[in-house]
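The structures considered in this document are given below.
One chain, chain A, links the two complexes that follow: it is found with chain B in the first and with chain C in the second.
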Partner chain A sequence: MIATLLLAPLFACIAIYLFRKKADIIAIAGAFVSLSAAILLAFTVRQGGAVHIAVAGLPDMPFRLLADNTSVVFLVVVAVVAFCIFLYGQGYMADEKGKVWFWAGMCLFLASMQLLVLSGDWILFITGWELMGFASYLLIGTWHWKNSAQEGASKAFMLTRFTDMGLYIGAFVIILTTGTSQITDAPLQDISMPDISMLGALALLVAVMGKSAQVPFQSWLSGAMAGPTPVSALLHSATMVAAGAILLLRAFPLLPEASLLWIGAVGGITILLTGFTAIVSKDVKQMLAASTSSQLGFMLLAIGAGFPGAAFAHWVAHAFMKSSLFLGAGVFQHARDSTAFDTIGGVGKKLKISFAAFAIAGVALAGIPPFIGYWSKDGILAAGIDATPVVWYFPVAVIGAFFTAMYMGRAIRILWKGQAEINRIQKINWMRTGLVALVLVVAAGGLFLEPVVQFAAYEIPQNTMAQISGIAAALAGLAAGWLTNTVALIGKPVHFLQNNYQLSSGYQGLVAKPALQLAVWCDQADKYLHKAVLKTGGAFVGIAKLANIIDLFGNYCIGQAGKFGLRVGHLSRSTEEAGTDWIARLTSSVKSLGTYGKKLQTGMVHQELVWSVGGMVICIIILIFSIR
Partner chain B sequence: MDFPLLTSTIFLPLLGALAVLFIKPEKPVTAYTVGITAAALALLGAILIWIKGIDAGFSQLEEVSWIPSLGAAYRVGVDGINFPLVLLTTLLFFASLIFSTKIKEKARTYVALVLLLETACLGVFLALDILLFYVFFEVVLVGMYFIIAGWGHEHAKKAALTFFIYTLIGSLFLLLALLSLYIHTDPHTFDMRTFMAAPALKGLAAALTFWGFFLAFAIKTPLFPFHTWLPVAHTEAPAPGSALLAGVLLKLGAYGFIRFALQMTPNAFREYASIVMVIAVISALYGAFVALAQTDIKRMVAYTSVNHMGYLVFGLAVAAVADTEARTQALDGAVLQMVSHGVVTGALFLLVGSLQDRVKTREMSDISGLLHTAPVLSGLFIVAAFASLGLPGLAHFPAEFQIFLGGFSVYPVAVAFIIIGLLVTTGLYLRAIQKVFMGQQPEGLSSPGLSSPGLSSPGLTHYVDLKGYELWAIVPLILSILAIGLFPETLLSVIHETTKMLGL
Partner chain C sequence: MSSMGQDLLLILPQIIVLLTAVAALIFEMLRRPTGSLMALAVGMLAAMGLSISRLGVEATAFSQTFRVDAFNHWSVIILCPASVLFALLARSELKGTGREGTVYSLLGFATLGSLLLAGSGDVMFIVLGLLMNSLSGFALAAYPKTDAATEGAMKYFIYGSVTSALMVFGLTYWVGTTGSTLLSALNNPGLQPLPVVFGLVALLVGIGYAASIFPFHFWTPDTFEGAPVSIAAYLSVIPKVGAIFALSQAMKELPVQLVNWPWLLAVLAVLTMTFGNVVALWQQNVVRLLAYSTIAQAGYFLLGVVAMQQSGLAVHSLIVFAVAYAVMNTGAFAVVLAHGTELKNFKGVGKQHPWTGVAMSIFLFSLVGIPPLAGFAGKFLLFGAAIDSEFTWLAVVAILNSAISLAVYLRIIMPMYYQPTMVISNTYSRLVSFVWIFCLLLTVMVGLGVQMFLF
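So, the complex of A and B:
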């Protein structure tokens, strides 16, 4: 079953690449098979307990797959979200170019995310992690002839790969500390497990910050918007960015106490900064991108507070909410050929179903009961209160909740108010099906969230004060977003905020340019080195004239061998024609080279070769004669 | 006596070469048929060796007395370290010969030379006698010289000469070191197993011998600052020649490091390991940065070899000092790295060759939008490039992961530095892909007949996708890349048996 789960999308990917036809059908079939297998696996695990599989891997470090309660929940969420997005993508991509590329990439992406979720050892985890990065590179670059797509794809891969080095270091530390590459079954903590060093924990945190787009690595998410919207929906909900949270949940038993504060701090800063970006964004997809960073920040905050259960709940809820929001945005995008708020204003009145879905998901994200987002955000606020030594978790979380509600309220207002003419959208039913299915989960999922979290052996912390303040922040935020024109309020520094804190020459100036400059210096050094070596070589060649004497001897031997009438001799005669031809040409042309112009030198070299060949021939003859 | 499988595998290509020379086929096709058949039989031989079983120590020994008074004999044998290289050699020569079929000029001589080269390479890897090793080592040098000089691009002869001078100096040191081994062992022998079983050298003699080996193999591998022959030779050699040069010939150096420096002078290596380690780290980073500065795609790929060989030698330095577990990890990784680098870089060079045939330039800024016109070529290149930058699931990852994991317990700071190399190679491949394969296709080439990308239309013959013979050469290499990445155990189990024994 595990094999089916992983291989169905993988084979779909290969089949699409080979056949280059019916890509959508194959992909959806693959996703469907994978979804069915995930659900079946969930039932198996529920009845029979965790499934462990170990296959041959590196020496003493087999590849392990682990399907425990936690991972099957991840699996099912990923499979459901992906399947809905695939259905939607069938409609979205109907008139777009690059279908084969898109669908093959989506299938590879799904397979690698499921591999990551199922991995029972750190090597497979890294494999899933990096393959997903590769798939996202391909997907963001779906429209590879566009400049923005190229830049976005390269930037996303480069940045995440930079932080992935943290995962490598972290994995080395874990393997060396625990003596095994196996991942411990997260919630069933083995108390005897030693904590990893602070260095290892921080290295892992860097990896998480890159993948989950936390400050200061958040900017790749904006660039990633250059891909098709279903890609963004998948990237931002249950996969890719979500992998960072999974890493922390998996590594949680190993993390030293002191590192939690760092995790919480990164989460807190990201919640506030990117939340603010989302409030002033000019583009609905950019707003959602910033929102993703901010929501992942909530998860980090909960983990930093020591409540992985809250982070887990928010992970599940966020996967459904954010994918719905993106799918809604994709519909508006098709209707107006743009995602800028200026252009899509008022589009909601024409596309009522999609707008309603978008609004429900938005309100849910803001944290209004009874939708799914309320329950998970409530858990994080409670975690913030209960995190005893650190007092600022709770206020930050409340402000973050307020920001969330505010940018959602603003987006809903802009989409509703005003008038807009819309394009006729081909195959909108496919898109609607996927979107509505996801929103149903958002709307009704609140009832099931707690049992699911408990099934995964986690707990959601609860606190009355958190509930009240959460609802208050959400209502205040929605009202503020609906009523105020935030962009007008702030004025000048807006551009900086809207670009998600891209320090104008941040990455370019700090990393890319120095690296290229260093590369150019190294290249120049290499050229000097080469010249120096040639000069030294020239000096030595003079000494080697002595070799001529030996050369003559070598030639004599070949002659003798030939006279013996041996087959070897015949061989050398038969090649003579060809041989003398290019030895002659070689001599003449090498002569003409200024650097090596001296006659004796060139003579030396080719005679040396003849000598070597002759030596080989002699050796073979001796060998033949000396065999007894 | 059993059927001499090793000897047959070594000399089958030579037999093919002789056949080509004697039969003197009129058409190149016949010559290639003979050549490819011989290479295929050698590949089959390698597979049979595997099936027959490879032990931790040397097995399937074949020994024929040669110069008994000197203690030299024809001795060949296989273990977990040289077998992967035998497999790599036979596979790459097979692929390269298929790819070569487009070379029509002096085809007969070319096929014979390539086959001679294959015999010599197999001989180097399988020889258990240092005299035999040295003879084969020299023949490789000669064969490659003629391939570069005879069938290379515009500055081929200068490049061949550089290649020759460099490696000749290396051979000189190798000879001295080998003689030192011979002199210091009592009774005198050329049998490599004796040197490995009980490394006899001590003190200054051991140190000098070690540095002799180091120089010889550092040039061949190559390590900074002995690498400058490599880009020159690679850029001028014909595409299959580059693939062989990078894929197989560089491994002569790496293999020598393991066999001689590590196994025959282990104490000296341990003593100087930190120096070797620093040189390896510099090579890895320097190679990556110089590659980043290249505008010529073939030179760029060539410099990444310096980078990858830096990782490899780093693994060996770790193996020289580390305790059993880390030592085995690093050595496993280093041996696998040889194979991975062989197939990945081999595939990359063949692909660059195909690319150059089509667009008639190697300057990356002059090419763009190849994904439109040659999607298969581009797709395979992207896979190979990501393999080269170390993507998990592809060939380099299991090797490099083990090298770095082993290294982290001994030289954690050096590992932190050396993985910067992974980032730089990522950057340079992404840039190359963005420039060459993505983007709009150039104006001049988008003729009206190009409504269906990838199909040939008149006047665009140089822009068509990969042809049959190219696919037959490249696809097996790509499949090997995937196989090593997904099922590293297959080869690693063979390697691990031997490295475990050495680690004790």
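So, the complex of A and C:
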């Protein structure tokens, strides 16, 4: 069953790539098979306990697939969300170019996410993680003839690849500390496991920050908006960014106490900064992107407070809410050919169903009962109160909840107020089906959230004060958002916020610039050396010396003769107008001889041998100093 | 059985390779190039089969001068089939020319040189192996007789002569201070450190030249660019694997207390990877780009050598990475042979030839080290070996480098998918297709089933 679950989307991907026809049908079929397998697997696990599979892998570390209570919940959520998005995508992509690319990428993406969720050891986890990064690169670049898509794709891929370094180091540290590559399958009970070192925990945190778009690595999410909206919906809800949270949930039993503070701090800072970005953004998709960072920040905060259960609940709830919001945004995008707030203002009155769905999901995200978001956000607020040593978790969470409500309120108002002409949308029924299915879960899911979380062996913390303050913050935020009647704010600081803090976007400053600088520097050093060595001649190298000097001298003579001939040619041409044909011919032949000789010579073996000998001498010096 | 007979039996795979090369030469004399190729294929596969059956045997031959160990077996298993693949690639380039058989025979001799390097337990074998390797290499690089090829071969030759001379000169210090040419004689902490240092650095110069380790790599890009693609592929795999294995054989013995060589090798590894990756960012020619990438990969190999004495993973990691490197690099060169050596030749390949597009992407991603491909398995083990021997900083630098290398390889992948088609049509030999399909299967299989490749 596990095999079907993983292979169905993978085969769909290959089939789409090969046949290049009926891509949508193959993809939806693949997703459907995967969904049914996931549900069947969930029942099997519920009755018969966890399923383990081990296959060949690295020495002493076989690849393990593990379907336990936690992972089947992840699996089902991912499969449901993906299936709805696939249905929606059939309508969304009807008139768009790049269908084969899109559907193949979506299937690959789904397969790799399911692999990540199912992985029972760290190596497979890395595999799923990397494959997903690659698939996201393909998907963001779906409209690859647009520059912004290419840039966004490369940026997302390079940035997440860079932070993946942390995952590699963290995985090594875990394997070396625990002596096994297996992921512990009983999250809360196994306390006897030794904690990993602080270094390992922080390395893992870096990986999470990259994948989950936490400050200062949040900027790739905005770039990733260049992809089609279903891609954004998938990326931002149950997959990709959510993988970071899964990593932390999986590693939670191993994390040392002290690292939790760091995780909470990263989460808290992200909640506030990106929440603010969302309030001032000018584009609905950019707003949702910033909101994703912010919501993932809530999960990190809960984990930092020591309540993975709250993070898990919010993970499930967020998957449904954020995908519905994106799907709604996609409908408006089709209606107005844009996602900017000033063009889509007022479309809500024409597209009532989609608007209602968007509004329900938005209110749910703000944390109003009885929708699913209330229950999960409540858990996080309670976690903030119960986090004993840290006093500021709770205020941050409340302010974050207020921000969330505020930007959702603002977006709902903008969409409702005003008048707008809309395009006729082809195949809107497909889009509506996917959207409405997801919103139903958002609306009714609140009742099932707690049993599901308990089934996954977690629990949601509860606290009356958290409930009251949560609802208060949500209502105040919605009201504030509704009253903030500014589509476009102005001024430099706002621009800075709208661009998602580009100055602090870590990757550009940390990696790209130094690497390019180094490249420029190497290039210049090389050029400089070319010149310097040419001047000093081949005087250094003992063995190649003679040959080189002769060669250089010959080249020099040829070059000089060439120049001389050229000068003669010029001179004769300018003084006498006629009868200089033979001189011109001679000149050109000498010139070509010169370039020929030069060409043979540009190997610059002597120059490079100097480098090598120099390197050798340095090696000797290093070693002599190291003699003990 | 006499001890001589036993020794000969132990080196039977090497003898088979020698006879194969000679047979290829004889067929060439009879002007039967196809016969040469067949002889090469049969002989090499026989040697490989023999070595597979002997996996696990640990012995020495000819009074410890030649080691029959994991490195030796795996060098045969990796390099012999690889040489057949290179011969197939070469055939697609020079079928019908007068020098076909010579090339096959030279490939055989060059492979033999690398096998001797990989099993060397004595400095004389290192010198001998390196010379056999490079002498055949000069001729192979020069055979098209174009200006570029001649220039590249000349450069390779000058570089080879200087570094080999330096190496032989420095190794005499080892022989002088230990009184023996055996590598195992170095395993004595009471030796004079200074002569050992001279010998070690000289060995690094010679090995560094063959394996293109910074700063002894300068011949690589020019020679690769000038030489035919099939020969560039050969130069990137066979001498490198042999040289790295030979270095490991020597470093197994040298006491760390005497000279702190792991540290020096770690520095060289960092410089090599970083230089290779950073300079590759600037290349417009795919072969030059791949040439710099092979330099960078040599840096990763050094991680395993650094860990040689402290980590039990080192030998495994080197072997797995050698297998992975051989298949993915050969595959990438085969696709280059099929589509052209300029970056612009790759525009739109992904749409016109989906299969080769996917294959090339997989080879390049494997070179980056993206799981679950072969390159990932090798690099993962190498990083593990480095961390295991307390060189965590080295592993961190190596992982960072693999992030930079992604940008390098994306430079080939981007035009394949993101740019409009430029190629009108190009036809290439079925042999090339066979080579890349074979490499593709192995790249995926090695990554998934690493366990079965170990002992």
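The criterion applied here is as follows: the second predicted complex is superposed on the first by the 501 of 628 C-alpha atoms of A that agree within 3 Å, B and C clash if a C-alpha of one lies under 4 Å from a C-alpha of the other, contacts with A are read in each partner's own complex, and residues count from 1 in each chain.
Assume a residue touches a chain if its C-beta (ideal position, glycine included) is under 8 Å from a C-beta of that chain, and two chains touch if they have at least 3 such contacts.
The structure presented is a predicted model; accordingly, all values stated were derived computationally and were not measured.
Residue contacts after overlaying the shared chain place A:I123 against chain B and chain C alike. By the touch criterion defined above, A:F134 lies against chain B and chain C together after alignment on the C-alpha atoms of chain A.
Contacts of A:Q454 after superposition: neither chain B nor chain C is touched.
By the touch criterion defined above, A:N429 reaches neither chain B nor chain C. Touch criterion met: A:S154 reaches chain B and chain C at once. Chain A residues 17, 56-59, 123, 126-127, 130-131, 134, 141, 144, 150, 154, 157-158, 161-162, 165, 168-169, 172, 175-176, 515-516, 518-519, 522-523, 541, 605, 608-609, 612, 615-616, 619, 622-623, 626-628 lie at the interface with chain B in one structure and with chain C in the other.
The touching residues of chain B, counted against chain A in their complex, run 18, 21-22, 24, 64-67, 74, 106, 108-109, 112, 135, 138-139, 141-142, 145-146, 149-150, 157-158, 161-162, 164-166, 168-169, 225, 228, 231-232, 286, 289-294, 328-329, 332, 369, 371-372, 379, 386, 391-393, 397-398, 401-402, 404-405, 408-409, 415-416, 419, 422-424, 426-427, 430-431, 434, 437-440, 487-489, 492-493, 496, 500.
Across the complex, chain B is touched by residues 17, 56-59, 123, 126-127, 129-131, 134, 137, 141, 144-145, 147, 149-150, 154, 157-158, 161-162, 165, 168-169, 172-173, 175-176, 512, 515-516, 518-520, 522-523, 526, 529-530, 533-534, 537, 540-541, 571, 574-575, 578-579, 582, 586, 589-590, 593, 595-596, 605, 608-609, 612-613, 615-616, 619, 622-623, 626-628 of chain A.
Residue ranges of chain C in contact with chain A, taken from their complex: 147, 151, 154-155, 158-159, 161-163, 165-166, 193-194, 197-198, 200-202, 204-205, 209, 214-216, 218-219, 222, 257-261, 263-264, 267-268, 274-275, 278-279, 281-282, 316, 354, 358, 365, 370-372, 376-377, 380-381, 383-384, 387-388, 392, 395-396, 399-400, 403-404, 406-407, 410, 414, 417-418, 448-452, 454.
Those residues of chain A lying in contact with chain C across their complex are 17-18, 56-59, 62, 123, 126-127, 130-131, 134, 141, 144, 150, 154, 157-158, 161-162, 164-165, 168-169, 172, 175-176, 511, 515-516, 518-519, 522-523, 541, 543-544, 547, 599-600, 603, 605, 608-609, 611-612, 614-616, 619-620, 622-624, 626-628.
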